[in-house]
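For reference, chains read A, B, C, D, E and F in written order, and residue numbers begin at 1 within each chain.
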Amino acid sequence: MLLHLSTWQEVEAFLQRSKTVIVPIGSNEQHGPTGLLGTDWLCPEIIAHEAQKSADILVAPTFNVGMAQHHLGFPGTISLRPSTFMAAIGDWCRSLAGHGFEKIYFLNGHGGNVATIEAAFSELYAEASFAGRERGFALKLKNWWDLRGVNALANRQFPTGHGSHATPSEIAVTQWAYPDAVKAANYAPQIAPTGPIREALDFRARYTDGRMGSDPAQATPEKGGELVKLAVEGLVADVTDFSAEVFPARG
Amino acid sequence: MLLHLSTWQEVEAFLQRSKTVIVPIGSNEQHGPTGLLGTDWLCPEIIAHEAQKSADILVAPTFNVGMAQHHLGFPGTISLRPSTFMAAIGDWCRSLAGHGFEKIYFLNGHGGNVATIEAAFSELYAEASFAGRERGFALKLKNWWDLRGVNALANRQFPTGHGSHATPSEIAVTQWAYPDAVKAANYAPQIAPTGPIREALDFRARYTDGRMGSDPAQATPEKGGELVKLAVEGLVADVTDFSAEVFPARG
Amino acid sequence: MLLHLSTWQEVEAFLQRSKTVIVPIGSNEQHGPTGLLGTDWLCPEIIAHEAQKSADILVAPTFNVGMAQHHLGFPGTISLRPSTFMAAIGDWCRSLAGHGFEKIYFLNGHGGNVATIEAAFSELYAEASFAGRERGFALKLKNWWDLRGVNALANRQFPTGHGSHATPSEIAVTQWAYPDAVKAANYAPQIAPTGPIREALDFRARYTDGRMGSDPAQATPEKGGELVKLAVEGLVADVTDFSAEVFPARG
Amino acid sequence: MLLHLSTWQEVEAFLQRSKTVIVPIGSNEQHGPTGLLGTDWLCPEIIAHEAQKSADILVAPTFNVGMAQHHLGFPGTISLRPSTFMAAIGDWCRSLAGHGFEKIYFLNGHGGNVATIEAAFSELYAEASFAGRERGFALKLKNWWDLRGVNALANRQFPTGHGSHATPSEIAVTQWAYPDAVKAANYAPQIAPTGPIREALDFRARYTDGRMGSDPAQATPEKGGELVKLAVEGLVADVTDFSAEVFPARG
Amino acid sequence: MLLHLSTWQEVEAFLQRSKTVIVPIGSNEQHGPTGLLGTDWLCPEIIAHEAQKSADILVAPTFNVGMAQHHLGFPGTISLRPSTFMAAIGDWCRSLAGHGFEKIYFLNGHGGNVATIEAAFSELYAEASFAGRERGFALKLKNWWDLRGVNALANRQFPTGHGSHATPSEIAVTQWAYPDAVKAANYAPQIAPTGPIREALDFRARYTDGRMGSDPAQATPEKGGELVKLAVEGLVADVTDFSAEVFPARG
Amino acid sequence: MLLHLSTWQEVEAFLQRSKTVIVPIGSNEQHGPTGLLGTDWLCPEIIAHEAQKSADILVAPTFNVGMAQHHLGFPGTISLRPSTFMAAIGDWCRSLAGHGFEKIYFLNGHGGNVATIEAAFSELYAEASFAGRERGFALKLKNWWDLRGVNALANRQFPTGHGSHATPSEIAVTQWAYPDAVKAANYAPQIAPTGPIREALDFRARYTDGRMGSDPAQATPEKGGELVKLAVEGLVADVTDFSAEVFPARG
């Protein structure tokens, strides 16, 4: 069930069945010569939308701009500062919790988001902790590649040149979902360099075409389809577990 | 051209042709018994995506959660506080301007966003004004119903019961684009009441099913298609004018 | 009754009679070659102070610096950033509401304030909306020229060259109240140009003497007196209506 | 010269003669059974407005709401939080400095403002200090009772029962300026108690009628006039010294 | 009792005996050619740690970086902006108050901290004041040199050249506690100049070696020991008084 | 070299030899029945202070209060909200970078700090990225247990019951450094439970004595000494590598 294609009364009815909502979250940032700018928010959206076709889960709109300050040297990247990102995640969670959602599950598509999302969670929990009251909801962050079996499959599909940015696995997922938007390019070098991540100019100087450690030429729509299939299964299982979790009794 | 389905190099090439980018912006909020929660961000997205099929314009990802605090009494609504919304708009604009975009055009789908978006623009301009420097970019906000001819058409289509929230025109647009998500309900009263907008509990007490002044039963996919067609023409014309605008010479 | 010339016990007594307070709000900004820098806060102050001579209404101190970032290119302008302005309006409202005022009425003298004041209202309402509680007070913004009959009178007095900044009507009001501060100048052109509002340098390049669309030479103290008289009547009527408004019963 | 009754061109001309501007700053807060709520912003305004009649100094609009959180238990008090107050002072100073004012002199009427104003100054200076650049302007805070000779006179006028809040000296100043707003009451006890200042409820419990250590019954308009006369002389002298101060050469 | 060398259960037990906690607070900033960068946080730490050896008082970790923006022109200085400092003090106090501490006593070692700490206190109190509730805790700021008898002793020890920054008294205290870190230098001039404090570059231009009005050559470990001894007595007495203070009954 | 026991001139001289500074950073939070509240800031301080005895490295004051919101249910814990923590880290880094430090190395003692510190780094980098300029300094975060060989040693020392909070390894380090503050208790169960981390009340309900997965009874001062020795070697090596790193040439 897609929240944005539902009415408020349909959401009210869903809350009778479940207190869990899934938020696809990613980033809009450069992904090398052939990766789509939307890759990191499209991947979790693709997986979550696919998952809700066969499972009774609720998928919120996609949080499509995240923390990508290091990619701002490449046209098309849109980033929030961490402080802005935290404020926005906070307002999303407060909105959803206000309706009675007790489990808010972020399916993430961007490694660079992780620290800030976790900090945002702590900021939200801290409100309750400073006030000496229970929060009333639990937050969970899961990268789609960490869903059961997904990383292992990607490693089998791409034993070399997977890398950490503009990876063949994420590009394959978007190729499967957007076959009309498959791009091609020559890569030089075939496998991109690796190193630290700092500000945007430093990033662009180190990673001249935007990739980190990856050889995206290996991506195919078929491999993307395999990844999506496995991720969908993993997502449904993980959300089921999260929904089943019971809050501890206060001593 | 959809930014999120493009590579950074394609955006770099676009910047050689144009310095203008369009951001569909809306809100994810209740729209009465039959309106989709996504209505206010779907409408500008539908129109902008349709427009880019025939015109060489660049459409950014949709800013899908805006200022809807008054709708938080209805499940499914997600809102940013105005201060958060302003910070996020600021970071989007700074990101885009950093790439060389000089005209950032927000196509808006939610009346409740207008004041905050305008305040966000002033906050951005103020940075330059306090520093005594030129901003380097211009911002424009346009509601899709204010595009040339659109309001007039809606008035002809819905001479009574158009109202101001969960209107038949916006619902018609989503019906045209998402025919599988058309909903039905009985309305009581047929035309909803009107009045002031304050906090969420006050809103829910006044507008018990979420509508304001509207009779959404009049919406049809066909009427939605007519509105989209006119809005697309208006958008392309308006963006063309905005792109052509020249900054004044500094005295 | 002027709050600043009253004691706390007199305000306490007033609260037995009424829960409404009026806040004149404006801006301290350039108003062309002959308009006073204080014009936009003087006008609502003049009208509100005049009104309280004959009606039992309470007028708070004047909020005299608002959002005028676009005028910062002209000496004497003092502006708050929108975010500062919102924080300050919030604290004023929280202070007044804490004393039991349930209706806070802002009589505004600056068009450029409107978006930010509305955003500030939403920020205040949002606190309650996110917390799922009633706000306990209602906020209203009214531009003095939108009081009953005032715009119509100004249009009759100044059928051409009224414009939107440094208008003959607002200058006339200050001439009536401060006859010793009437200024004169030659205007070139007689009617100033119009156009968009952006950052301060852009504004100064477009509107070289500070006016927008106006011919202030038409202002006279007499016309100002007529405007004040009508505005006073409109204010008392509008405040009476606002005071009489009843909050809806929570369902 | 009153800035708000001047045009921008008159301020531009003044800047040729002087780079100094005076900002009367105070608080709108309860002042016991007979003190006006505006006392703390009226006093510096009265003195500064009187001073500019005979000296070529420029007086900005009055900053009339300051930091009075401890008085919020008494109706009519309006307070900014310290963080809001600092933001607003910052924007005032940035606005004025942007026009070329190099000396910004705050004439203060509220002891409770002092710490926050000083913190605001440091916040402004810190911007430059972190950036390793010169600030370009100097800020000065002076309480009107600390102007040359004023405290000594007040001590002679009110050898007992001067106290620290709702003092006979400040009330006398407002009586001199607003003879129609002189109030009377019986005080019990005649001299109010003293003690610490904390939150508003604590304050109201300690100081039941709002006074701290004072016997305001001793105030007369005549004494107020004497105080104003001396303060005017002190202000002009102090501003002259401040204006004459030269910035050190950077080593 | 040192909080950081205790377990939570030991603190829990302490709270049965006392609701007071002492926070040494200072600054890490240049102190002239011979003063340690840590002087301003070491002094209150030295005194408080010494005091808890003989009295049943609880000393929190030292808040070692404060508001020293004016010293940023000298290597080794670390400063918070006032706004950051206030936020951090707020979180410390909220944390401690959440455990049941009702009296939080800041023993301060840096004059430049005073205004911001007081503003931070007001910010904390204001939360309660705006909400119309009691704060539940009291805050006190005391400079170590203002403890009973300490200033008088310093004046006897250093009748000339005490000054206000890099003073012989504070340097003597650190010499007593850190005899291995005693430094020597020639001073030119022997007694440093005095003047105003503004941004860092201005400060460095005025006070070329960092001192203000002081001749630190007079410091000796013995004098430091005398100061510490007196300060310890004063601290225990002052904390005892503060602990004994009873909140007023709410009327 | 300890920065706080140095003069500004000694730091200035150090900057001729190295542009790297080490900041021990941790948290002041409960560590179970026998762990010190200061454990997480004492451990990196102990290691860094030990390391500077034999290597020419500069150690800043310890950042002793971090992000420990989940421990606020236990007396003695002091926490910053993530947003406050980020602001403070930012000001420390800006201060140090302003003096010419190009490599700022945070030696961390608290796992719960990691996300927020990384977010703080991104916030700092983002300032440069949005402005299109180079940052000029690089930031590095290293947990002391991730220094070369340290985790492996801890695993050998404590093959079972190491856990993740109030671990025997961190307690051993403090026992080695503070032998007078070694505590004892009976643990029930001997090895504490594990699970998720959310708000403080949830944490206290799950982990009743504060430990997570650990059996601290295994800690001894001797094991602590072994850990410190290895960590010191690892720290010097890691800092040497970081110092040697060259920024990439801008393309």
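Everything below uses one rule, namely that a contact is a pair of C-beta atoms (placed from the backbone, for glycine too) under 8 Å apart; a residue touches a chain by one contact, two chains touch by 3 or more.
A quick note: this is a predicted structure, and the numbers were derived from the prediction, not measured.
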State which chains count as neighbours of chain B and simultaneously of chain E. A, C, D, F
Rounded Å distance, chain D centre to chain F centre (Cα mean): 47
Cα-centroid distance, chain B relative to chain C, in whole angstrom: 29
Could you work out how far the Cα centre of chain A sits from that of chain D, in whole Å? 54
At what distance in angstrom does the C-alpha mean of chain B lie from that of chain A? 25
Show the residues in chain E shared as contacts by 2 or more other chains, in ascending order. 72, 79, 81, 83, 91, 95, 98, 130, 132
Complete list of chain pairs which touch one another: A-B, A-C, A-E, A-F, B-C, B-D, B-F, C-D, C-E, D-E, D-F, E-F
Taking the complex as given, what residues does chain E use to touch chain D? 67, 69-70, 72-73, 79, 81-83, 86, 112, 114-116, 118-120, 122-123, 125-126, 128-130, 132-135, 138-139, 196, 198-202, 204-206, 208, 247-251
Touch list for chain E against partner chain A, complex: 91, 94-95, 98
Mind listing the chain A positions that touch chain B in their complex? 3-12, 15, 28, 30-38, 41-42, 60-65, 72, 74-81, 83-84, 87-88, 90-92, 95-96, 98-100, 178, 181, 183, 210
Touching chain B in the complex: which residues of chain F? 130, 132
